[in-house]
Each structure stands twice: as structure tokens, then as C-alpha cells.
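Look at the two complexes coming up: subunit A is in both, with subunit B in one and subunit C in the other.
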Partner chain A sequence: MAAVVKSERTAARSAPLSETTVLGWLRKNLFSSWINALLTIVSIYIIYAAVKGFYVWGVADAVWVAKDRRECFDISIDGACWAGVIQWMNNFIYGRYPRGELWRVNLGALMLVLWMAPLWVPRVKDKILIGMSTVFLYPFLAGYFFAGGEKGIFMQVMVTLGIVFLVGNTLNVIIGVSSGRGLREVMIQKLGKQDASDESQRNTILAIFVGALVVVFVLQMWWTFEAVSWTKWGGMFLTLVISGIGIAAALPLGIFLALGRRSKLPVIRVLCTAFIEIFRSVPLITVLFMATTMFPLFMPEGVPLNKLTQVIIAVCLFSGCYMAETVRAGLQAIPNGQYEAAHTIGLGYWGTMGLIVMPQALKHMIPNIVGSFIGLLKDTTLVSIIGLFDVLGMLRSVSQDIPWRGLHKEPLLFGAMLFFIVCFAMSKYSRHLEVKLSAGDNR
Partner chain B sequence: MAVTDSDKASAHVKPKERFDFFHDERVRSVFYQLLTACTVGWLAWYLITNTAHNLEIRGMNTGFGFLTATAGFDTDFKLIEYEPGIGTYGRIFLIGCLNTLLVSSFAIVASTFLGFFVGVLRLSNNWLVARLALAFVEIIRNTPLLLQIIFWYVGVFALLPRVKNSVDLSGGAEVLFINNRGLYMAWPVPGDLFWMTTTAFVATVVGVFLLRRWAHKRQDETGQQFPIFSASVALLILVPGAVYLVTGSPLEWDLPTLQGFNFRGGFSLPPAFLALLVSLTIYHAAHLAESVRAGILSVNKGQTEAALAIGLKPGRAMALIIIPQAMRAIVPPLISLWMNCVKNSSLAIAIGYSDIVALFMQTALNQAGYAVEMVGMTMAFYMFISLSISGLLNIYNKRVQLVER
Partner chain C sequence: MTSVDEQETQTQLASAASSEVIIEFDKVNKWYGDFHVLKDIDLVVHKGERIVVCGPSGSGKSTLIRCVNRLEEHQQGTIVVDNMTLDKNLKNIDHIRSEVGMVFQSFNLFPHLTIIENLTLGPIWVRKIPKVEAREAAMKYLARVKIPEQANKYPGQLSGGQQQRVAIARSLCMNPKIMLFDEPTSALDPEMIKEVLDVMVELADTGMTMIVVSHEMGFAKTVADRVMFMDEGEIVEQNEPHEFFNHPQHDRTKLFLSQILHQ
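Here is the complex of A and B:
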């Protein structure tokens, strides 16, 4: 019996329609059943109505240049009046900060960029030092730029340290990017000391550092900025100041509270747990009210505490408690073997935590920390309720301004767009980080 | 012989512990705890004495006596009787608590439904619907809640028509009106015999419960199914309805009617309440949608395939197999979301809804000035709510963990 074998090859079938053509894709993803088709049509209608409505109101019929709201109405009765938003733009960003001194705020922002940018440059060394100095030195330097006035001796030292670090940091980055080496190596080489002993190298570096400090200290004694009262701070600038300080303080506070909550010592554990839970179970606005009504009572007589300081303390405590839970989650993800291994090689509690556990936990927590920062940035708008003119406070006061009386929607929409862009970009970035950081774990 | 004996003995004798006072773990632990307790104690003492001193020099009163003192200000929205000049601060506190609970419980229910709905839409195999749901979630989650609340208030509810041109939402039946002063609706006033309808309803609920147990038992024994859902719905509507009609419809409706410049009668909700309700619902629904999506995705695909393999229809597979397992991942974030919803309702103060913060922590505090007590009471209220809700979560987690192997 002859075997039944095909003599020629079967021709390859073409790929399914849904994988190749636009029509196929549409059919698979949008019109796979009658109910899906219905949903698609409804969705298209919703998108059409929303986009068209916004376009007509916000772009086509909108007024971009006018001197007051009446003129807006004269030009177009049912279009958006973006002219008011444009005229108030500086207020949204800087609040009532004196217009002649705005460069100080801009310079402060630029310094932050210079300070932190190296963290994203792969070839730069000493990133931990950069991160620490951002948290502990930058706020003082920037704070002096923003507030101005006479410097106390503490402020003088901090400003000096800040400037020296900023210059060193920037040089370090430039050298790092161009040659892949650290600032220290290059200085040693330039001085021809690369063959000297370690101690001599260290002393040289120290001498340069101290010399720079003295020079900057003497120089900074010559200039002072005009004082700008905190009542003039406002807009996005104030929002970023409060949330920036909040997140910078939240990290160390959160780490200590989380360690305390996981401590084996009952007194410390109970105290930390109670502190965290109290702050987490009440709304931020009550904490802010507590700050404005009760903090003045807490202070000894004759020590005034301005509202901004009260708010910042409240925000720091609040975000610290939330950060503590983030840190705790990060700590729980570290397997017990890491602790045991650390104990085996003879590390004590702080050695184990500081050298073995925390670095791993913090790495896993970076996306969550970015998430907390987004949350804090949004929550900072609450300070407008207790009378600070942050960005939301400024957005709301447009409608109190006489030429623009009653202009509510446009500034609020502008604010929503502003927040959306900032927060969406950050959350996308944190998701990207999450993928990038966990890439090593999912081998 | 003697040698082995002594070896054995030495093996049992513990080496003598050298007690080094400064390097002993127990001594250190006691020392650190004492140090912490003393620092915290000193800080507390310092703050308390400062506060006492400050209260004294400012001549501020202390104590909880103010709770029985009469309050001289009115509030626009209250669920219990209150008259300025007669009602007490204690009553103001109660009104605030009830208002907070009212708006947050409504928002919790609404946002839970909307959140599940959007979460399922996020997973729709319709590309456009999934994208639309994603856009909704991202836009809402990335803008501050306070901004949304204010937008709904000044951008939507304040722009509604005036009282004269109220919109009749019930389409001509004149039972539900909305205008820029709020939402006005008809309110039932139970008559004499209405208690019988209520009793009948409660009895039917018990009956339905028993019926379900019986149906389950029968299914387990014989495999026959009973149309329990339609039977329950029919019973729940028919029995109380029949009793209601037999007793002669003992329910009057208090209708809102336009008198002069405003509506009288019925029940009304101020625009601030509506704005707060809508914004809280949308904000928390967007957050919940992500949890629901993650929960459903966390169920292994094999579960769906297995369910379909044993012949369940897709709907039944979802209801019996997927959702119960997804709930394990959804409920913890769901409950913490409920907690957030209660806490976030405190933003009412920005648009003047009289919740506990606006009424008690701001207005009453400005009037009477018992800062420490009032702040403490408000925080205690929120703590009580949060602890109750997290207690619920713990009970649920325990039950779910029993199911897990």
C-alpha cells in the first residue's frame, strides 16, 4: 500500500487579518461584538463632545489678550478668558514676591537643578554625598537666597558650606562627564601628588577644602540680600518650598520612625507606633489647624513662630509619618537572611541597618518616594485654606482682583493642567524607575 | 573512667557568663528605653507647662465646660434640631460629626460602585473604552483633590440657574429640583400604620435569608438549582408592597414648593454638599479603579481557564471564581480608601460645607476659643473613625486568611 504523502509543500497561509491590516485591528479591538461596537460608538461620541466642547470654549472662542474681564466679554461672550490667566502668570509662579528680586528665586531653582542633575548622570561619582548635601545644605543656601536679610553666624557658615559644595559639585560633574574621574583624583594629579601617601593626599584635599571655605566665608560677608518677608512668598514657588522641605525632612524622620516601629524595645516601639498612627488617622487639614492654633501655645513666652514655619513643621511631621510606612514596607521586603548574614560578619544594629538593610530597602523604595512626593505636592494645596497664598491660593484670588472679578474657571483649569503635567510626568518617571530598578531582581 | 565522667559533667555545666555591665544587651535595652521615655516625657512636660503658662497669660479658658454652653451662631445645614442661642456647643459638635459622616458615607458608596465600574472598563478588550477609562483615571489622580472640589463648586454648582428658574430633574413630576441654592427633593412622612410595612420588610429580609440557606442546602444534596435571585427580588418587592397597600398607603410625601424666594418643604442639600459629594466620589473612584484592575489582574489566568473548562459561562466564572479571589487583593486598598474618603471630606471647609472641621474646629473655635479641647476632640473623632474602619479591615483579613492554604 502506497503511503499517502503530499508531493509538494503546502503553501504558507497569510497572517490573520487582525494582525496585519488596520481594518483587522479595528475589528478585533473595537467591533468584536455588537456590544463592543456600541461601546465604541458611545466612546467616540464622548471623546468628540469633550474635545469639541473644550476646543470651542477654550481655543476657538477664547480671548487671549484683554485688559479686563469686561473686555473679554465684549470680544466673546461664551469663550474662555485666558487673558486673565496670562496677566496673572507671574503671580501664579512667584506669588507677591518683589518683582525686582525674582532672579533670586530663579537662581535658587537653577541651583537645585545644578545640585541634583548629577544624580542622573551615570559617570559621576560620590552620588550619596550629593544626595546628602541636597537634603542638608541646599535648603539653607536656597533659604537665604529666598528670605535674604542679615545673616546670623549659623546662616553664614551654612551659606559658605553650601556655596563651596555647589562649586565643588559642579566641577565634579564637569570633570566626571568629560573624563570619568572624580574631582579629587584630578586635583591630586594637578598638584603632582598622585605618588604621595594616602595621608598626605587627604591632607591636601582637606587644605584645599578649608582654604575654599575661608575664601568664600570672607567673600560672603560682603554681600547681603534685601530681606523678603515670608508673607510675600507665594504661588508655585511657595508650594514647591513647602513640599520640598516636607519631603526632604520626611525621609530621615520616616526612616527613624520606621526603625522605631520595628524595634525590639517595647517603649520605643509603642511610642513610634502611636506617633505614626495618630498622624495617619487624622486629615492633614486638622494637623494644619493644630499647627496654627496650638503651636503658638507650645512655644515658650517671647518666642514667636510665624505661620509659614508652623505649616512647614506640620507638613514635615505629617509626611514623615506617611514616609515611615513606606520605609517600613521597604524594610519588610528585605529577607531575613540579610540580617542574619550581617550579624554573622559581626555588624551591630546600626551597622546592619546602615550598611546592609537600608541601602537595599531604599533602592526598592525610590518609586514609592516619588509617589509620596506627588501626593505631598497635591496635598500642599491645603495650605491655601489656612491663609497662605500657595499656587491654589493665587489661582483663587484672581476672581477677587477687580479687573478680573468672577473669573473662576479659567485659572482653576490652568492650575489643574499645571499639576497634571508635573504629577503625570513624575508618576510616569516613577513607574519607569520601578521597572528599571527591579530589572536586576527578575533575572 | 574518671576522665569520661568529668568530661560529661563539663559538657553539662554552662560556661560561667561574664556579666559586663556596659556591653550587656539587656542593660542597654533598658537604658535606651529609659532614655527615650525620659526624653519624650520631658518634651511632653515642657510643652504642657508652656501651654498652661500661655493659656494663663492670654486669659484663655480651659476645660470641657463649653460643651454645655449655648452657641450663638447658626449653620446652614444640619440633620438634627438646632437653634442659635439655644443649642449648645456639644450639639454643634454632633451636627459636625453627622455632616461629615453623611457626606463621606454617600461618597464611599458612590465611589465604590463607580470605582469598580471604571476598574472593569480599564480591562475592557475594547481598546477605545480602556483608553478612555485610563485617561479619566490619570486626569483625576494627577490633580489635587482640593482643586477639583473648588472647581465643582465654583465652576459647576454655583453656575446652576437661580431659584426662579429651577430645573425639575424629575421631568415635570415636581419632586426633585436643582438650582444654585442646592437640591430640593420630596421627603416621605410615615403615617400611623407605616410601621407595619417596615415590619413586613424586615420579616421578608429574614425570610429571604432563610430561603437562600434552604436553596443552598438543596443544591448541595440534590444538585437542583433554585432561581434564588429573582425569587428574592420578587419577595422583597411584593410582600412589603402588599402590606403597604392593604394598610391604606400610610405614607405622605412632603413636596418642595416654591414660596417667595425659596423652596419650602421637602429635604434639601446645599450646593457645597453636592460639589463635595461629586468630587469625593470621582476622586476616590479613580483611585479605586486602579486597585480593582490590579486585583483582577492578580488572579491567575489558569483560574479563568479552569472555570471555563468545567463548563461555567463567562459571567458565572467571573462571579464565582475570579471576583471572590480578586477581592482578597482589592479589599485592603478599598478599606484604606474609605478611610481616606472620610479624612478627605474635611476639605469641605474650602467651600463652606459645615462638616466637623469647618463647624467645630474653625467657627466654634473662633467663637469660643478652647483651642486645645476643640482640636483634640476633632482629632479624636477622626481617630475613632479610622480605628473603627481599620478594625473592620483586620477582621476581614483574618477571615480571608482562613480561606488561604
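Here is the complex of A and C:
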């Protein structure tokens, strides 16, 4: 056979108009045949009718300022009465938290932002330390801000540690952003110790740290907040406290349960499997009822365990079990070769898990993890059934307030929007994380 | 980095002597469920020896070398590696694993770490070597496998041949006494096989004890001290390469060689 050879090079031409212009796109996607054109037009009409109805009721005819529901009706009988929602706004956010002490809640939230924001700043160092302290110290510091009262010795220590870390963390960020260095480096330099040995540098840092602890510990002994009973906590604040603790506890608990379920040791495996399966096959509301009625029976006499603590423990266990299954799925996606390669360079079980398997598995799991966080945030509203006034509880009690008697729709719609904003932001962020983390490897 | 050079000369000397036994299999048996994979394996490997293991698939050759660092557990017989008996004692296993390097067919690099991080992970976390020193040593080994410029890329950005060379360097970073290769070139495109084999030949020249499961007969002829043929869980025949290829004794060996040489 004679060779067939191409004699000329084919030049690249521009794509047909249907691929590049708006009109071409419309034609291809919406009006490609007469039946598609008809469907498009009908759909557009339905969307128009729905949006228009909602717009007239919710925006155009709505009442924004009024002193009670009657006045709303007087102004506009067909419109939404947002005045009630606006007047109850503080209740939705803080519940019945004493109005004079609201700044404590706000400060607690601000602390969380200050604490965690550095995790997203690229130039900041020691991120693992920041992350760990967020999980282990922030809850105690914030918890004291929210609850107040006399501090026990344990609480005093935790609050002291929390304050020292918060201050150090913030300084670290300021230094990191302005100069790209760490707080440690700068302290060593300021003291003229940069040429000293590693050990002497470490001792200096330790001395400063201990000194700061002592000073803060002494200072905090003169400072107490007025106690605010948990029964006064409520609204979005309470929802975020419960789900926040649930979320923070879910991941570590889930990782340990999942590892236990895949363990080679039969006792650990059976225990973990049983624990996971029991909690997963029971609805959250049942777990909550069980927690509030059964925990007190198991607890030794004299252990102070209020309803809120019981609910938080129940939510943590429940979310931990769901997370365990998510983690297990992620672990199964890691090929055996990775374990073998880790073993052959001499890594033991924890080294293999912590350095090789978990970092890869967690990346696969991000969408599911965020999914269960979103689920947990929404499930937390169930606590309103067992008598805690979380955001749903507050939204529903508007209609029992005398000036706003019977106002159901507007607060619930507001609540839906609130949840949508929070959950949608979370899911968008998880998408962003996925893209960012997979940028590194194109396997 | 004198320590690496020292180690190289030491192994070279030992290979010249070549009397010290480093791996010993005594009547080793292994089953996968009911399937008898390894049948009464007796094997002695001396320090500095280079052995190529070949045989049809399912003959137990991968299982054999995976028993050396206990990625597989044998059920009967004894295996002694570097004067340590492989048994339930986890300390021994950890020790042996850090002395035995292994290269896999599918590379098994850690995809979430850069090349240099892949190389320094073991030295830093297992050997507890300071970061800076580990990096220096790693760069030296990367230069030896001829890809120092790829240090900060991720495994997914490298070709198969480059990944396999990184895998070899990763094992070398642990300063192993023995290197195991489990079909290192089988997953590679033909044009990349040579670059990996070249690195292995160079490694053999340093006097490293190597057991290589491979069908690369050219490699076996130039490098091996001994070629072993396995079939159905037995070592059917072993000989020095020239004799093995030119005058195979056993019928099964003859059949196998005729099959792979005429494909």
C-alpha cells in the first residue's frame, strides 16, 4: 500500500456563531424545537406569576413600621406585616438573654471571628495550633462569657489559657500580615536572642508564655460576670451554640469511631459498630428525649446536668455517628497501595493514618462533611420541641405575643431565609474548598 | 553528606565479601484462604546479592517478596531478615520495614504531598532526622535518579517513569539495607521503561541487596547474580543468568522462557 501523507497544515478557524453568541445560545438551549419553545414560554409565565405574587405581598404592599398587627391590617390588608418581625429581631437572635448583657454574646461571636479568621490568611504561621486552640479553648472562654457566674478552678484555668491564646493569636496575625513572620520569631529578635541555641530560645518563649498565664490568671480572679441562666439563652444564638459544639465535636468523634469500626481488634470494632448503628437508626428527636430523661439516671448523684448540657451531649453523639459513616466512606476511597507504601517507609498505624490516609480521605469527604453540618444546623431546630427556645421556638412564639397575635407566616418565612443564607453560604464555601484543594493534584 | 557515601562504600565492601546472610526463608508456607500460594520455600540471600524473580502470574513471586517486609503474613516456617525473625513482635516488624525499601508496580506515591515531601516524610517522622538535613539528603537522591528539578511538583504532574524514579528515591532516603522491586516497570509505557531500568542498574552498581520481580530479561542478564523461576508457589529453578537463559533445566522453565522470549 502506498503511504497516504497530508500535504498541507489545516489552519484553526473560529467556532460557528451558535457556540459563541447569546442569541445562538438561546436558540440552542431554549428554542431548539417548537415543543421546547412552548415549554420555555410556559415556564417563564409560571415563574413570572409566582415572583409577581410574592413581590406584591412581600414587598410592594408590605408594612414595615407598625406598633401591632391591627395597625398592619389598617395600613394594608393584603400585604406582609414585617413590622412584627423587625420588632422581634433581637428575640430571634438572642432569645430572652438579658438585654443589658447582649454585648457579651456579641463579644463572644467577635472572639470566634478573631480566633478563626487567621486560618484563612495565607501569611499567618502556626495554623495547626490556632485550629486546635479554637476547638479546645474557645468553647470554654466563650462559654464563660455567655454563662457568667462564679468560676471554678478548672474554668479559671481554661479562661486564662483562652485569653492568653486569643491575645497571642491576634498579635501573631498582625505581625504575620505586616511582616510575614511569626510572633515567636519577632519576640526572639526583640530580646536579642536570635543567635542563642534552640533550647534557650524555647525556654525563653516558655517563660514568656508562663509569665503571661500568671498575670492573666491573677487579673481574672477579680473579674466575674453576672450569671445568666441557660433558660434565658435562645434564638439564633442558642441554635449556633448547640450546632457549633455539635459540629466541632462531630469530626474528631467521627474519625475515632470510623477508625474503631475498621480496627482489627474485635472488641473495639464491635463496640464502635454497635454505637454507630444504634444512634444512626434512631431519629434525633428520640435521642433528644432519651437524653433529657435518661442521662440523669446514669449520672452519679450531684453532677449538675441541666437540660441544655444533656441536649448538647446528645447532639454531639448523634452527629459524631453520622460523621463516622462519612469518614468511613472517605477511608474506603483510599487505595490499599497507600497503606502499603506508608508501611514500607516504616510508618506505624497512627503515622499512616495521620500523615497519609486522613489528609487524602478528608479531601474526598468535604462535600459530605459540609452536607452533614448543614443537616445538623437544621436538625438543631428540633430542640424547640423539648422546650428550648432556639430560633424556631422564638419564631413560633411571635404569634403568642399579644400585639402580634396570629402572626405566623412572616416570622417563619424570615426564618427560612435566615437558614437559607447560612446553609447556602456553607455549601458555596465547601464547593470553593473542593476546587482549591484539588488544584494541587491532577491525578 | 558523607554518611551516604560511607554507607555506599560499606555496602560495596560487603558485596565483595558477600558471605553474610541477610534474608533466610526456611520451609515457608502461605495460604490465601484455601489457596496454597507459597509451598515450602527455602531461600538464602546474601548481602549485596541481586536476584531477579520471574514466573507466570499467580506463581507467588510478588507474595514471596511481600513476605520479606511482612506486607503479607506467612503461616508456617521462619523468615529471618537482617538477623531478626519475622513473627508477631511488632517492634521487629517496624524495624525491618525501616531497613527494607520497596518499589511497587503502581508507584504508590503520596498524591497529596510534593515530591520532596514524599521523600522526606520517612526520614523526618520515622528516623527523626531534622528537616533541613532530610531535605538535603532527599535532593541528593533526586539528583541520583536524575529529576532534581521536579522537587516541588506533585506526583500527578509527573510521567509514569518519573514517578517510579521518585518512588525509588523515596525508598533510598530511608537508607535501606535491602531493596525489593515488585514489577517496577510493568505499569509503564514502553518508552519510559529504560529510564527506570537505568536507575536500577546504577543502584545495583552501588552494591545494594536487591530482589526484583520482573520480566525484563535484559536487566536480568546484565545485573542479576541469580535468576529465579517460580511456578505454582515453588521455586522451580534458580541459576546464574547466563546458564539460566541458555541452558534451562526444568521443562516448566523452558516453556516459560520460550513463551516470553517469542511474544
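The working rule: the second predicted complex is superposed on the first by the 410 of 443 C-alpha atoms of A that agree within 3 Å, B and C clash if a C-alpha of one lies under 4 Å from a C-alpha of the other, contacts with A are read in each partner's own complex, and residues count from 1 in each chain.
Following the convention adopted for this analysis, a contact is a pair of C-beta atoms (placed from the backbone, for glycine too) under 8 Å apart; a residue touches a chain by one contact, two chains touch by 3 or more.
Since the structure is predicted, the reported quantities are computational estimates derived from the model, not experimental observations.
Colleague: Which partner does A:G152 reach: the first (subunit B), the second (subunit C), both, or neither?
Modeller: neither
Colleague: By residue count, is subunit A touched more by subunit B or by subunit C?
Modeller: Touching more of subunit A: B.
Colleague: Of the partners subunit B and subunit C, which touch A:L265 in the superposed model: first, second, both, neither?
Modeller: The first partner, subunit B, only.
Colleague: Figure out whether A:G337 sits in contact with subunit B (first) or subunit C (second), or with both, or with neither.
Modeller: The answer is second: A:G337 touches subunit C but not subunit B.
Colleague: Should A:G192 be classified as contacting the first partner (subunit B), the second (subunit C), both, or neither?
Modeller: Neither: A:G192 stays clear of subunit B and subunit C.
Colleague: Figure out whether A:V282 sits in contact with subunit B (first) or subunit C (second), or with both, or with neither.
Modeller: Only subunit B is touched by A:V282; subunit C is not.
Colleague: From the superposed pair, tell me which subunit A residues show up as contacts to subunit B and also as contacts to subunit C.
Modeller: none
Colleague: For a test of understanding, state which residues of subunit C touch subunit A in their complex under the given definition.
Modeller: Its residues touching subunit A are 69, 71, 94, 97-98, 100-102, 104, 106, 108-112, 121-122, 125-127, 154-157, 170-171, 174.
Colleague: Under the stated contact criterion, what part of subunit B meets subunit A in this complex?
Modeller: 29, 32-34, 36-37, 40, 47, 50-51, 53-55, 57, 124-129, 132, 138-139, 141-148, 150-151, 154-155, 158, 339, 343-344, 346-347, 349-350, 357, 361-362, 365, 371-372, 375, 378-379, 382-383, 386-387
Colleague: Can you check the complex and tell me which residues of subunit A touch subunit C?
Modeller: The contact residues of subunit A facing subunit C are 335, 337-338, 340-348, 351, 355-356, 359-360, 363, 440-443.
Colleague: Using the touch definition from the top, list the residues of subunit A that touch subunit B in their complex.
Modeller: For this pair, the touching residues of subunit A are 29-30, 32, 36, 39-40, 43-44, 46-47, 264-268, 271, 278, 280-283, 285-286, 289-290, 293-294, 296-301, 374, 378-379, 381-382, 384-385, 392, 395-396, 399, 408-409, 412-413, 415-416, 419-420, 423-424, 427.
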